[in-house]
Amino acid sequence: MPVVNIPEVSYPYNGLNMVPQMGWDNWNAFGCSVSESLLLNTAKKIVDLGLRDLGYEYIVLDDCWSSGRNSSGYLVADSAKFPSGMKYVADQIHSLGLKFGIYSSAGVMTCARYEGSLGNEWKDARLWASWGIDYLKYDNCFNQGQSGTPKISFDRYSVMSQALKSTGRPILYTLCNWGNDDPYDWAQTIANSGRMSGDISDTFNKPDARCPCTEAVGCPWPGFHCSVMNILNKMPAIQSRTMSGYFNDMDMLEVGNGGQSDSEYVVHFSMWAMNASPLLMGTNVETLSAADLAILSNPAIISINQDPSASAAVRKWRYFVDPDETGEGEISLWTRGLSNGDMIVALLNAGNTDRIMNTTLSEIFTGRRTTSTFLSPKEVQATWDLYDLWGNRMTNDEAAAIINGTATNWNNNTRYNATVKSYQDGTRDNDAALLGKHIGSISPSETLTAEVARHSVVMYRLRSQGSRMRDEL
Amino acid sequence: MPVVNIPEVSYPYNGLNMVPQMGWDNWNAFGCSVSESLLLNTAKKIVDLGLRDLGYEYIVLDDCWSSGRNSSGYLVADSAKFPSGMKYVADQIHSLGLKFGIYSSAGVMTCARYEGSLGNEWKDARLWASWGIDYLKYDNCFNQGQSGTPKISFDRYSVMSQALKSTGRPILYTLCNWGNDDPYDWAQTIANSGRMSGDISDTFNKPDARCPCTEAVGCPWPGFHCSVMNILNKMPAIQSRTMSGYFNDMDMLEVGNGGQSDSEYVVHFSMWAMNASPLLMGTNVETLSAADLAILSNPAIISINQDPSASAAVRKWRYFVDPDETGEGEISLWTRGLSNGDMIVALLNAGNTDRIMNTTLSEIFTGRRTTSTFLSPKEVQATWDLYDLWGNRMTNDEAAAIINGTATNWNNNTRYNATVKSYQDGTRDNDAALLGKHIGSISPSETLTAEVARHSVVMYRLRSQGSRMRDEL
Amino acid sequence: MPVVNIPEVSYPYNGLNMVPQMGWDNWNAFGCSVSESLLLNTAKKIVDLGLRDLGYEYIVLDDCWSSGRNSSGYLVADSAKFPSGMKYVADQIHSLGLKFGIYSSAGVMTCARYEGSLGNEWKDARLWASWGIDYLKYDNCFNQGQSGTPKISFDRYSVMSQALKSTGRPILYTLCNWGNDDPYDWAQTIANSGRMSGDISDTFNKPDARCPCTEAVGCPWPGFHCSVMNILNKMPAIQSRTMSGYFNDMDMLEVGNGGQSDSEYVVHFSMWAMNASPLLMGTNVETLSAADLAILSNPAIISINQDPSASAAVRKWRYFVDPDETGEGEISLWTRGLSNGDMIVALLNAGNTDRIMNTTLSEIFTGRRTTSTFLSPKEVQATWDLYDLWGNRMTNDEAAAIINGTATNWNNNTRYNATVKSYQDGTRDNDAALLGKHIGSISPSETLTAEVARHSVVMYRLRSQGSRMRDEL
Amino acid sequence: MPVVNIPEVSYPYNGLNMVPQMGWDNWNAFGCSVSESLLLNTAKKIVDLGLRDLGYEYIVLDDCWSSGRNSSGYLVADSAKFPSGMKYVADQIHSLGLKFGIYSSAGVMTCARYEGSLGNEWKDARLWASWGIDYLKYDNCFNQGQSGTPKISFDRYSVMSQALKSTGRPILYTLCNWGNDDPYDWAQTIANSGRMSGDISDTFNKPDARCPCTEAVGCPWPGFHCSVMNILNKMPAIQSRTMSGYFNDMDMLEVGNGGQSDSEYVVHFSMWAMNASPLLMGTNVETLSAADLAILSNPAIISINQDPSASAAVRKWRYFVDPDETGEGEISLWTRGLSNGDMIVALLNAGNTDRIMNTTLSEIFTGRRTTSTFLSPKEVQATWDLYDLWGNRMTNDEAAAIINGTATNWNNNTRYNATVKSYQDGTRDNDAALLGKHIGSISPSETLTAEVARHSVVMYRLRSQGSRMRDEL
């Protein structure tokens, strides 16, 4: 009898998103102020700044784009905001080598109280496919109380999943239900990513009564106004629920929006990347500063995010230390093994003072396992080259030149074009921009030590010097 | 194709209550001792005291009014309590320019064990409409276990919502399910307000074993005997769920019932108003003291509540301080932006001693956003006029004159008639009664400082001196 | 149109149990060792000791009585244990002026793994009625996962409720689902009492890992091996859910089983009585000690329990004090108003040392309300006679004489016959046995002070000296 | 009328597993690296090492064995891994006197993303029966959100229960749903064991963010990477839910996998045995060290596990003491009564230093009860012989000889063959290997004292010297 192959089971549900999606979404910076020109100008800028070639592919139009339904029950784009129509916008975006995302809610209204899709899933999916939509962000507002158990939420979100699939068009399907009813436990067979917390706000670690939980699981009220550190610390418990084709979405990036310091944005971007979160820029790209471009363009960080291992980081330890004015203070060690055997190590200082932090190979490799068996302690006994992943950060002058269109040289240490060569190939070829800056090595008896400034992170890639030590997947 | 407009979606579900309802409900002061004369005498007094013209519009008859169902299954008003019948009462109330509310429970009995409406929703709604009822308070007792997920509760409450709508009569629909199953997450499309906590008691901050939760969300047992401070501190987490047409109901006012000091009642009234809670007086209006009338009649506070922004306050910070004999002690800063760009600031001292409290423009405006984008820091850099919202509080002599019918002068600083000019128009016109007492200004480099007595609040309205700084909605 | 009266609604669902049931259940002392002779000998002894005439009316046969189902699907009594058959047992019990209760589980097995009633409710109810059963204790084991929301549990327990009612025989229906899914919120319309915690064990305050919760509401695992103090402190939050016809069942008494000191049993019995818990003796009555008979026979305490007010006590305050070897230590003040205006006050010392405790009229009467309005402070301004409810406790000699059948005098201070005169009439007539020992009075300016030994309680009845101060129901 | 006997009710659901299952599962050591040769070589070794005759009976093939479904919808074994087919493997295992277990998930995929059985239960059960499968481990991954209440989970797992039963083949059915929705409360009528926590990792007490709960009940996220001590301390609350035919499964053993010290593995094995957990070896048996064989082969410990009492241990007390580098430190006393009246006592030191621990007969026997009544205090007044259950532990030399096939003598103190004589018979006959080493006795006035090294346990069997003191079941 012929054997039916595994890919025919429902995971991954549509074959898309084997590494986390990247792109841009207008909400964090523009909210409801959406328009054809905003999307197209931004798309153009994303190409010009080299962001498309770094992987930022999806231009996502968030809430507030419709003017209701027509007499046939189909959604209508707001003609004042989108005078040329959505198909035109899609075509333009496609012509730039980018993809186009749209937004709706699994409720009777969107969060900004426009028409929602609950009850109109099949009609809406067909319409979006006809426009050439490549991506749906699907929110959770005004859901008529259809929540309370995983089953109730799954059933609601699964209708749109089937509707999208039935269109025949590949459409990335991203849940935005804020982690309600634990989507990390059931959404992998119906979606490509899923939010796991309340909405982000542009703040590093400030607690806010509107974001009452410190854990994702068992949280009765995800809320919003969640800080970067709040969202980050909700990830470790659900670390195993990130996988190729489905990623836990830590929400859109705030880099560039002005609420955090440069080093805080570096933490934000680094930890999102390391946790395999979707990377959706959430700022005004047309007015992006040189420093922020340098952060968003760091290929050594992006290549972690896009690694085929498709897994989230492990928080090896966390200690509470001197709090800042928000009352918060902590340090932590995070690790993530990549598919070629390299290891990423993050020493995160969210305390109120600069400090020396350290770790050892034993700490880094303890508890790591492949799908077959525990790795032998040979990793702890090997010597590893150390690469500082922010060591080659683009200077502000270089970034400014890109912004101003005056860049003349292509710096192989700082810039990368993934359209030409994939991150995987670049890593294999030891591309300097992906490896970061070589700063030494660490042998078994040594301690890995780093000065880590207040509210910043040191990110290392460790590569074994000797025999290749990697997972045989 | 014709475009169907947004108002046709189910939000707001019936077009009523774009700002919070105001009125009077007999329960807190009279419990089951209801009668035709109580309602009509109270209604008359509400008109005479100028309360109707301040916005107190609904006369709500609470539990214990029926004598069961007749052989056709229709509810029958208790003829001993309501000898002239409910239609007569409604007509009389309407003739005074007021509206008439009634009570039932989404269960087989009301909380006082009279006939409930579960299973009789359509019949009861038609009857009430025939009587001329304008408002329904719908309780949660004896619900046959129909709770446990948002879906179960939504489905139960939604039957009455449809029944009321089907009558064709505009009937304000208010849920009283104590926050069970998170109505703030699903009730906006089926109701006009919803209780978010256990029942209030006339106490400022005394913990009570019968009100075991300190947060609304995830509370397994809302209970009753909740203090003013307990209910208040359940609001911040659900701040985003207040909106035009649906308000989180902090329960009826206790002002006048004797369990709190004058300054505690001022806190109670101010914070209810600022959080866009419905304002239902809950005392014996016929014996209202001068001081309590002065509180309930402060137009500068009411105008916040009735602002079209229709949003709840943000608790910017909260610190635990010296406890009083109840074991509780805290101070907090609350802000709320109004639709014309003014900002309300409350410095609340629920500690056991008088103290100096202070804040800055930076603290006040941090984290504020419009629906389109973050406000620029220009607000932090502006100079703002300061108005003390209790600075023009009516004197007891003035209030006593109103009560005694001996008032001869109309004091433009203390009194307001919203029947003649809406709060919105009055605010635009800088009506003194709405602005409060001008006490100075605050510039960017300054600290806003106030002496705040034990168990009291200082309420300010900030108005920009320079160019108009407001949300463009 | 004729008006249908309130009693026809589903509350109280069968008109029984307007005050808490009293009786005896074999489980705590005998577990599965049940037999015809145990029941009949015990019933006889209950009559002989005067316990029947104190109100202990139901003889409840707990688990392990059946030998399965016959071919028609009817339960069969174990003929080895009940050679004369259940109808005979019922007849004998009835002939003693007592009533007969039986046990089953709302699952496919009982907790001791005998046949359960889930799916056989109507058949089992008919059988029990045919035997002359007056009472059903209905457990929760092996319920096929039919729990998780109030709705699921309500629906399961409601089947037996309908089945019992349909028999036409008055059968008291008591839920034993350990408080799962909050029966205190939904069972009043389908049952006469409902357990609100995990199983009791014969220990005063020892924490046990098998009884992990300290609150009834929101408890994910009621467990068993719960101490007297653990169960007691789960009551205040649900105080409002006790009412005529439905009582929160704190589980069967352990008095007499040897695990606690005399004063601890006094606390246990007093607090169960004061909280309107069913009072089911759970010991071997045939070997009852004089001291334990004196506790179980105190009419001044029983009369509180049987008061028509049918309400639970309010815990006015609770402080943690010096712990004993279990790690627990606390003191608390409890009050309960009776229907004739008397007030019961309990000063409970569960700390590790004897101490002076005190309270005031203000503390006792604060927050008390009738169904119509707050009581005026006149109560605080009145003078009250004080009766010590354990002041007339029967001496061990007197109790021993009753046990030995050698009692010759009837002591009007210690003994009471409620068959002859109801508790309500006795209270009205100032029967000495019900009032307790007059020990003085308390006036407004005074402090009520008592020496309260380690692990004991002082119980007072307060009766107003002046004009009658009582609830007008 | 003929009486239907108790065994016909649904408990135990299939008559299997009256004592906990024992065997081996490949997952902990081999993960997805499964093959015919691994299973057959391991089975052979288990026989050779005497492990089969100690009771390790089931050879369980875990995840990753299929290559999908054929066109008729039947699962197909991966022919590369299992070239001779599953029936052949089953036959070979059976011919060794062992039984064969297989794995699937109550979801659309297994946890390693192979074909799951949700929706194919009857087809899969028939196939497995046709192969000669004796055991199913049934996981919880990718369950399409079918969880959230006990009812939803019960209904899902019950389908496979019925399917397995319908095959007519006795198949042990073990749930692996990590304790979600409290299987210990509902699975006894549909399964033979059920996991009660997140996955074990080979660590003694290290907290891990991926295993966030410290209690089994009410845990919103069982997770994985749970330590031995974490899982152990989740057992006491559900102690009563272990019973003949259904055991709470603490997950497979890590003994031999290298992550813990010898004394930590002794704790792990002892406490699993004492809590009536299934004992599935989870290591590479072919490379088992002498020391680990000595642990896994201790008949004095295994006989506790296999005692017909079939009950879990009671944690009598737990204190937090000096923490080690993980931040954890505790000591505890555990007891378990056996069916012949013997008592097992464990003094567990999970603190960071060696210490003297002690207990008394009063502490050991307090709170113990039979199914009929409380045991009289005669146990506290008796004198008990003390046996050290690790006193006769096989030396490493002796174990090495077994491993090397050079063992010539059979040591009656250390070795046992339960195939020849059951544990129950051996215990009755005072077999030295089952009793352990006699080290003295304890009388009522004495304190039982033991030196307990850091991270280790002292295990005693107490046997009454005088008249037989045992439960009369």
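Points to keep in mind about this one:
Residue numbering begins at 1 within each chain, and the chains themselves are lettered A, B, C and D in the order written.
Following the convention adopted for this analysis, contacts are C-beta pairs under 8 Å (C-beta built on N, C-alpha and C of every residue); 3 or more make two chains touch, one makes a residue touch a chain.
All values reported here derive from a predicted model rather than from experimental measurement.
Of all residue numbers used at the contact between chain B and chain C, under half are used by both chains, marking a mostly different-residue interface. Copies chain A and chain D of the same sequence differ in orientation by 90 degrees, per CA superposition (steps of 5).
With each centre defined as the average position of its C-alpha atoms, the distance from chain C to chain D rounds to 41 Å.
One finds 59 Å separating the Cα centroids of chain B and chain D. Counting partner chains per residue, chain C shows two or more touched chains at residues 148-149, 152.
On the chain A side of its complex with chain B, the touching residues are 29-33, 67-72, 74, 76, 108-109, 112-116, 142-149, 152, 201-203, 208-210, 212, 220-221, 223-225, 257-259. Interface of chain C with chain B (complex): residues 1-6, 8-11, 148-155, 158, 181-182, 185-186, 188-189, 215, 217-218, 236-240, 243, 314-315, 318, 367, 369-374.
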